[in-house]
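Labels for the chains are A, B and C, by order of writing; each one numbers its residues from 1.
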Amino acid sequence: MDKFTIENLDLYYGEFQALKHVGLSVPEREITAFIGPSGCGKSTLLRTLNRMNDLIEGCRITGSVLLDGENIYRGMDVTLLRKRVGMVFQKPNPFPMSVYDNVAFGPRTHGVRGRAKLDDVVERSLRSAAIWDELRDRLKKDALGLSGGQQQRLCIARALAVEPEVLLMDEPTSALDPISTIRIEDLCVTLKENYTIIIVTHNMQQAARISDRTAFFLLGEVVESSDTETMFRIPHDRRTEDYITGRFG
Amino acid sequence: MKRAKIFAAAARLAVYLAALITLGALLFIIGYIVVRGVPHLTWSLFAWRYNSENVSLMPALLNTILMTTLSLLIAVPLGVSAAVYLVEYARRGSRLVRIVRMNAETLSGIPSIVYGLFGMLFFVNALKLGLSMLSGALTLSVMILPVILRTSEEALISVPDSYREGSFGLGAGRLRTIFRVVLPDAVPGILAGVILGVGRIVGETAALIYTAGTASDTVSGIMDSARTLSVHLYALSQEGLYLDQTYATAVVLLGIVIVINALSSALARKVGLHHG
Amino acid sequence: MRITFEEQLRQLNTELLEMGALIEHAIQSASEALVHQDVKAANDAIAFDHEVDQKERDIETLCLKLLLQQQPVARDLRLISAALKMITDMERIGDQAADISGLVIYLAGKPYIKSLEHLPQMADAAIRMVSGSIDAFVKKDLVLARTIIAMDDVIDDLFDVIKGELIALIQRDAGNGEQAVDLLMIAKYFERIGDHAQNIAEWAEYSITGVHKGAEL
């Protein structure tokens, strides 16, 4: 069962066409990686999947994006969409509040009330993000006082707190040290049991390590999309091979 | 070579001298007033009622507090809401934003006597509010609105977009994002602007004379005319009979201004650290 | 892009060609030693084997360094992993040439029980297979690789012929037995050289297509 089905997607920022005839399927409960050189459209496509592109002036799309068969651009409540499809950003961006309030922000937005329930959600989410033990005694402390790696795991916990089905990750480890990177990669592999994960990454080895499927983008088009092992052993397209072997990029 | 050295030494001397003169002038003003005023700072000056035997400043002080509160109650919600619109809703850099900002800049440069005359013509006469606290407060709000608007706008802009993105990404709407994430983070900056406004109000004389009048008692209602502390100082010195008390009053006013400035710097530092 | 990497890959090719030249010389020396009962040539072949062993270690170190430093994927990964496998086969070829030479030294001084007609042919074919397979790898020539893979049949056929002749010689005169057995072992070594050369060609094919002996790796 495919979680996302994207058909014939064109995206324009004003006059500039950022995505061209994109067609792609994202299988559920797997990790799909989007790779490609800077400006190729992979982050743009990612942000289309939870309609974050709506926030950008002059952004226009044609084509369809289906989540479990439903078109997300026709008649779907954006708030509900973003509850089902969560996002983690490149630079960790916890709110200037306590750890607890950060994680509780999402649930509170979607109507969860009551101390006990919120406590429960916060603990569960922090556990899922493998950061409960480190933060259980610091729930009321300011989130901005955490290290970069901890902040990013906190952001993952925050995203998980609304119980999404999909997790979109935009270069989640590119601002982090190697050890935090490994922790988050391991976390992704654990999470894919329950969530569909799409990760945009510049790091070829990361894509090879953790993803099940990979799509290679170039100048707004999907050049090749296949299971990761095939893509990294015997890619079909010459451009794909040139990119992943570092011959350009 | 020698000439360059002499030149450098002379320049340094000139700069030191300039700093010394500036500091000296400030200290002189403060010192003079303090020296002339403190000996006459008696408790009777803080009596509840003013009469021509005891030119108490308490009513004026109370009026100042009331006037400030009233003006802020009008100006702050307006200014902050307008800033929220400009930053969160309008397209950044659009024509409207630029027009509003230009207007705000212009307004803040208008001399206060002009505000006073405007207030008198519009609030006092045209709206028939008469010389009253209300007229004064309305005029003052118009005066400090640009300051509040500008500093609130700056404060809101300096809230990183990544917070907004994070909030939207979780499914929060624009209103919730503004009230739960953006505004709380912008509060120190907005507060700094409010305090700037308060500073302006406390020191305002010309505008208030024409709109709030100079009645010397504490107001019993906002439609009453009443003088604030700086107006009281003006009135006292006008009469020329109570020179000592005038200086004493000046000391109090000076003290208040210094405290306000100190608060403002402390807050500015906190804001700087916060977004550092 | 990746200037250092490209240079290192060129160096890898050069080293492989050098190792190939070494084993070709070893086979050639062993063959000449055999035909002319030349002990000196035999010793040369054995000396070559020492150099071959050293070369294998050098190339192995280079490959491991490339894997560590460059984290290759796709065609680069296939290239380097194929090279690692190839040098094992090449080193074994060197050993076999030395073993042949050892037997030649032992047989020296006694006349041969038959004229050596097919053994030199096996040696020639083996040399051609070795140089062809390494060439195929360096030039990424798929057709050449497949041709070499098929050539192993030639060597196998020659072995069968020699075996038949030697059996006939033993049946004619039991006294021929001792030398016949040694000659059969020499033929076997040449046949093993052919097998290893075929392996090299198969790894060359893998490095180009990603398919090894018919299976995707």
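One rule holds in what follows: a residue touches a chain if its C-beta (ideal position, glycine included) is under 8 Å from a C-beta of that chain, and two chains touch if they have at least 3 such contacts.
Since the structure is predicted, the reported quantities are computational estimates derived from the model, not experimental observations.
Compare each chain's C-alpha centroid with the centroid of every protein C-alpha atom shown, and the nearest one belongs to A.
When chain pairs are compared by contacting C-beta pairs, A-B ranks highest.
With each centre defined as the average position of its C-alpha atoms, the distance from subunit A to subunit C rounds to 52 Å.
Centroids built from CA atoms put subunit C at 94 Å from subunit B. Between subunit A and subunit B, the centres computed from C-alpha atoms are 48 Å apart.
Multi-chain contact residues of subunit B, defined as those touching 2 or more other chains: none present.
Across the complex, subunit A meets subunit C through its residues 204-205, 208, 232-235, 241, 244-249.
By the touch criterion stated above, subunit B contacts subunit A in their complex at residues 91, 160, 162-163, 165-173, 176, 180-181, 184-185, 274. In the complex of the two chains, the subunit A residues touching subunit B come out as 50, 52, 55, 57, 78-83, 86-87, 89, 91, 93-97, 105-106, 109-110, 155, 158-159, 162.
Listing the residues of subunit C that touch subunit A in their complex gives 1-2, 5, 71-78, 209-210, 216-217.
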